[in-house]
Amino acid sequence: MADQRFWPPRSFAALPPEYTDYERARVVVLPVPYDSTASGWVGSREGPDAIIEASENMELYDIGIGAEPYRVGIHTLPQVTPHAGGPQGMVERVEEIVGELLGDGKFVVTLGGEHTVAVGAARAHVRRLPGLSVLAFDAHADLRDSYMDTPYSHACTLRRILEVVLPEGRMLQVGLRSAEREEHDLIRERGLPFYSPQEYRRLGPQALAEQLGESVYVTIDLDAFDPSQVSAVGTPEPGGLLWDEVSELLETVTRLRRVVGFDVTELAPSLGPRANAQLAAKLTYRLIGLALRE
Amino acid sequence: MADQRFWPPRSFAALPPEYTDYERARVVVLPVPYDSTASGWVGSREGPDAIIEASENMELYDIGIGAEPYRVGIHTLPQVTPHAGGPQGMVERVEEIVGELLGDGKFVVTLGGEHTVAVGAARAHVRRLPGLSVLAFDAHADLRDSYMDTPYSHACTLRRILEVVLPEGRMLQVGLRSAEREEHDLIRERGLPFYSPQEYRRLGPQALAEQLGESVYVTIDLDAFDPSQVSAVGTPEPGGLLWDEVSELLETVTRLRRVVGFDVTELAPSLGPRANAQLAAKLTYRLIGLALRE
Amino acid sequence: MADQRFWPPRSFAALPPEYTDYERARVVVLPVPYDSTASGWVGSREGPDAIIEASENMELYDIGIGAEPYRVGIHTLPQVTPHAGGPQGMVERVEEIVGELLGDGKFVVTLGGEHTVAVGAARAHVRRLPGLSVLAFDAHADLRDSYMDTPYSHACTLRRILEVVLPEGRMLQVGLRSAEREEHDLIRERGLPFYSPQEYRRLGPQALAEQLGESVYVTIDLDAFDPSQVSAVGTPEPGGLLWDEVSELLETVTRLRRVVGFDVTELAPSLGPRANAQLAAKLTYRLIGLALRE
Amino acid sequence: MADQRFWPPRSFAALPPEYTDYERARVVVLPVPYDSTASGWVGSREGPDAIIEASENMELYDIGIGAEPYRVGIHTLPQVTPHAGGPQGMVERVEEIVGELLGDGKFVVTLGGEHTVAVGAARAHVRRLPGLSVLAFDAHADLRDSYMDTPYSHACTLRRILEVVLPEGRMLQVGLRSAEREEHDLIRERGLPFYSPQEYRRLGPQALAEQLGESVYVTIDLDAFDPSQVSAVGTPEPGGLLWDEVSELLETVTRLRRVVGFDVTELAPSLGPRANAQLAAKLTYRLIGLALRE
Amino acid sequence: MADQRFWPPRSFAALPPEYTDYERARVVVLPVPYDSTASGWVGSREGPDAIIEASENMELYDIGIGAEPYRVGIHTLPQVTPHAGGPQGMVERVEEIVGELLGDGKFVVTLGGEHTVAVGAARAHVRRLPGLSVLAFDAHADLRDSYMDTPYSHACTLRRILEVVLPEGRMLQVGLRSAEREEHDLIRERGLPFYSPQEYRRLGPQALAEQLGESVYVTIDLDAFDPSQVSAVGTPEPGGLLWDEVSELLETVTRLRRVVGFDVTELAPSLGPRANAQLAAKLTYRLIGLALRE
Amino acid sequence: MADQRFWPPRSFAALPPEYTDYERARVVVLPVPYDSTASGWVGSREGPDAIIEASENMELYDIGIGAEPYRVGIHTLPQVTPHAGGPQGMVERVEEIVGELLGDGKFVVTLGGEHTVAVGAARAHVRRLPGLSVLAFDAHADLRDSYMDTPYSHACTLRRILEVVLPEGRMLQVGLRSAEREEHDLIRERGLPFYSPQEYRRLGPQALAEQLGESVYVTIDLDAFDPSQVSAVGTPEPGGLLWDEVSELLETVTRLRRVVGFDVTELAPSLGPRANAQLAAKLTYRLIGLALRE
């Protein structure tokens, strides 16, 4: 219904229908309202809805990058039904759906939900592109082998992704400022490229981007941001990354490498101001624009 | 997308696609996120969204009336774009859209937004059905001729509706417990059938329903309810109607008369618990079921 | 400033200036934002402000009693500065101010703050009118002799008031449903007329009112209400009084006896919906109307 | 630490240490902060903590039943660690722990968390007492065989309990006002004693209690209450039971039968006012007092 | 009432009466609780009240500028009654009132409400001082010619102001990071001095201030700030200005030019922490102090 | 109960029992839920609980300092019972308890509650260690001699501490950006080392630390932080310290001097996002680690 008297039907960025048709859209947004393994404060199941609602307030022109990302077409799927039987079922469901979307040639943007859903999304990408690099934004190491009786906890996310990325590909993490001793030992022993905000500031975006392979999947746990930018996450940690830093890094990575998909996770909207959802929406939109610019 | 792995796209009651097609649906839900004339506490613009979100948690079978209202088909339109130029423009927009929907033979359910939007909806119905009766649920008289510089204030709603209903039709109000002296004088002088909760309890649903003509439009300002049932309204008044009372009255009216359309307005979700949106959703669904039962 | 382009300056009921002049006003509203002895959840210091803000949404005509209470004139004082040195100092300050207002011939309405402030207000009234009866609305016995190291705790309010009321006057309480064993023993041993909601329903308003002396001070701890009517109190208790019950009792008492002053206390607005402040405002306004009707 | 300068360590009802020792306590409170299968609004994982915090504001004497329930001793366990691998693991964990506590001769009070945790608690009781009756308070039928890919969803709770109760025992439900058509058919075909609030009012507490066997386990989903009493639940339904009704039914059942254990579930504190946690605490305390009175 | 036992009556900065008399006060604060054209999240109608309430917590001495701004006298008007008939009526009302205040020789501080109210305030200033410069703080271009059916939308604010400022005066904007393509084109084609935070950092306060004419009106949409400083706005945008930056710019501008009036708009207090209102209050107070320092 | 199926009983950092035994623990955490003199927004009585709850989400390994602070043992006391008779009684209670704990050789960490409680804690330390230096983090001077009728107001905290520190010891303050003129005059006349954030940035951590004596007590009013880091305080002030700055200063002070105890006060959790409690918990844990590192 393109009637001016109505707002466009709910979809990411509130696009008019000519940009949301599945067949013609280059990008597919997949909302995954799942937070069953949350161990801190809960509520990221409401994240996808909040991000999409906030995205309706964005200008379609992104003045920061001088582009109109929506022009490639963005189709927003209905929310994935949570698998209440346990996180393994959920991860497999996400992997299967993302796999089908990649099979249709789509650029897939997964909106969490807890970070666990990234395991399914990342796996689907790696299966199609062995040797893929992964760039992870996170405040936590997420390298536990199992947590609260499951290997598919949000606290194990990067461990699970690392398992499928290696040995052909590589995984970088940025934003690190919280880890168990065992996780920290693992990082040091194996020399994993996990960077704290301070280390990232010393290293700079270019040097970091150059460590990545040709094709890159980006997984964003929003707690990588400083809580002054995003407090609405289940396990906030002081001392994180700022908007301009993340923005610059994404600009650099997309310029030097090819980003083939990404996810934005862990927004629990009731834990902070609505401005956090607005940041998540703009981040998502900008990364679409950067990844798919000509 | 009827894929079981996805929840149905956002629509009232989260219906599967076979029940939401515009052509086949008997009912059309029209969300009107407008609250620009609010004089108390604001936020009813978020009402339609909250009601539709809450409706996704309802069972499709309404055990209270032993029916499955959705089987007649319910199409949910995108939200009407507010007319920021003033309430008169907004009322006219709603009237025009509802008129078109009635022209398509639809049963229209308008979700507010402030009560003012009911003026447009009621007018459209009266224009097609001169002599129509109106049953209004409201805590307030809403009979001011003008308020805060406009005749289209939420405080003038029933005055505006009365003007188009008379002289062929009639308007009853139930739930009254707040009025200016001038409004109260008008009610007494003209013998308007406006009933307080206590008066309604003495009168009973049958006697009230029998005062209505054959065809009835129902307009519901949720502040007619007691604040213990709905506190999330801009101008709550203690001493209102209970769920069972409203439910019984609607059951009686729909049994004895023909309800041709209705609206549910004034839910400002941030002012009370989410249970209020759930009540509004269930009320909407039940009234669909009652009005269109065979 | 009676300019129609401005709302009247903040005062109870948002009255125009001709009804708020101190000299001509029969009623004085005294806001006491004090909650320092709160032992449950805190926040009644924000009560006076919330009640006054809510009162600006009321109609000036109270349809429930067919009166315009504001016509006697209502002057709203600035908020009393809390005495941070301890509750004894605060009680004495309230007593002194209320005493001065009574000396000016005013009908004083004290808005709490915690129930403790009623000790000062009630004392000032009793000092001028020995033999005065007190009607207390409360969920709790409030008969402790001391609590958390002070005899001026909110948990000792009725004990302190009882001490000044006796032996000439008497004190009735209604709404009781929570007490220590020692308090309950005291009630039974001394035959104090403290009534639970169930006992009040059996007794009825007339019989209760007739137990009171000619002149009556009314102290209202809003937790006497059922939490479905007022949840925004520090120590809510299920099973309380309903709006219509309290309203009928006040109507009866003011008809049969002379109410010489009252207080409304314990609203902690952040603990419940705004509708609670609306109820408190309407209750205050109605009791002014009932107490001062001709 | 019995030092008067300190509040007692956090435990249900904030009891002094002489009443909380595990060995001597007759009652054990088991907090289960689990809500992973929630399909409506989430947050019941915060329920146990909120109930225990609210219980610290209660008087230890329950004036409504004239008893001091704490005198039998109440030990509060630390929170059960959620099993993040899926609800089956969680149910089994609860069953195992409750079984051990029953083995120690304790009267077990389980605080949810979602209603699913009652499956484990009820099972443990039935295993020790074959033929046990179950009295369930619930707004929903909870009779689905599976939901969102698991038979251990909150929507299947009463189905799972029914399976272990039958054929020796029986299960009654009260509060019903929401069900799928399939659930409603099942209730009618098999003549299950599931009662709506209206049916319960007609039946009365005595007649209902007499349908129960000698020993009774009580499972309380707080959404059985009317949302005016408890709105802080994931799937509120208008038209529920009132505090006095539930209180009277529990009084009757405990007088005529022997209650051997119970659970209180589904409080999601962030969804409503704190008064809801207070009701849940008082309900828990009163049922302890009623079940174990001499 | 200068009685120490009372807090001063509500007024900006809670000044004692000797500093608030209209005749002697140099500054007049005009609260405009209007947000009817809000398109994002609503609530700025509660902004003026929140700012004034927060201002009561400020020290009267501003240590950051070493001054006591209140000494010039600050009179706080009652809130302007919203014109519910549409934004044009509201803008005209503000323009008229501000015009009268300027006629009385007052320094006018307008507190929004949405940014639209600045159109009226700015116009009144320009009419008295043709050639006036305007310094606008804003995250958005606000240069649309019409939006949601009205030229008086908050999205058109700077376009409307520009129309009256030109050609004699000039308008600078700082904080820009969101615009439509058409707005961005307009900025580039006409070389409008609109600066993003990054551009402002490169430019510096002195160079920017020197672009302004002798007399300057300052209009502040609080979304110019980074959401880490102010998240309680309807359309927050990441990447904004920090407190120290805004403070320094205002210090520079008031030192090099003459600021003749200003507004602070768009605070929607329920969307963020109370600290945001505190910032807005301190900003208002500091700018009074800077503009009127000797 | 070291059973893996249970979370450890509530204590700071949720430590397993082997690290929480009073006798063996080097550190004692003392929660003081007191906020009776609050003059701005209230709620710091809920601070200790919120900090302890948040601390349960921390990793026990602090990657930022490469240490496991819990290994020295941390015993968490029950909450101190507030003294409702006035702040003097409360300060004396805290002083007495802290004195006893110091007598047992403990390192005491006091969690407020309002800053006033620091007076008791600091006094107890000074009494045992005459000549002790105090390092105060605060946005305000807190140098009033009396406020709201008591010398024990939160606005007098540093004045009271200064009185016991002098003349043997010295007190430094950092974070200053709000003061009365009289306070500012006092600072200048007596040359008190009170530093604004800007002054601290110029001075640097080393120079500041070197002004301190050998042994240092640290008192932290969380409003020293910028509101972007901590907004949940009663009197937030823009322009404060950042996490990295505070962290670096504490690292430096503990390296160059001996910190003998500290307090963290003024968190009012309901006034901001939960991330604020997380920061307070991490700050507390890190300072334990820094102060007691070998």
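The chains carry the letters A, B, C, D, E and F, assigned in the order they are written, with residues numbered from 1 in each.
In this section, a residue touches a chain if its C-beta (ideal position, glycine included) is under 8 Å from a C-beta of that chain, and two chains touch if they have at least 3 such contacts.
Just so we're clear, the structure is a prediction, and the values are computed from it rather than from any experiment.
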{"item": "Mutual neighbours - chains that touch chain A and chain D alike", "value": "B, F"}
{"item": "Same or different contact residues where chain F meets its copy chain C, judged by the half mark", "value": "same"}
{"item": "Inter-copy rotation, chain B to chain E, in degrees (Cα atoms; steps of 5)", "value": "180"}
{"item": "Chain whose Cα centroid lies at the greatest distance from that of chain A", "value": "C"}
{"item": "Centroid distance [mean C-alpha coordinates] between chain F and chain E, Å", "value": "37"}
{"item": "Geometric centre distance via CA averages, chain B-chain A, whole Å", "value": "41"}
{"item": "Separation of chain A from chain C, taking each centre as the mean of its C-alpha atoms, in whole Å", "value": "55"}
{"item": "Multi-chain contact sites of chain A, meaning residues that touch two or more partners", "value": "39, 81, 226, 228, 273"}
{"item": "Touching pairs among all chains present in the structure", "value": "A-B, A-D, A-E, A-F, B-C, B-D, B-E, C-D, C-E, C-F, D-F, E-F"}
{"item": "Residues on chain D engaged by chain A in the complex (per definition of touch)", "value": "35-37, 39, 42-43, 45-46, 81-89, 147-150, 152-153, 270"}
{"item": "Chain C - residues contacting chain B, complex", "value": "57-61, 63-64, 68, 226, 228-229, 243-244, 247, 273-276, 278-279, 282-283"}
{"item": "Residues of chain B defined as touching chain A within the complex", "value": "1, 4-10, 49, 53, 77-81, 93, 96-97"}
{"item": "In the complex with chain A, residue positions of chain E that touch it", "value": "39-41, 140, 176-181, 184, 196, 226-228, 231-233, 235-239, 271-273"}
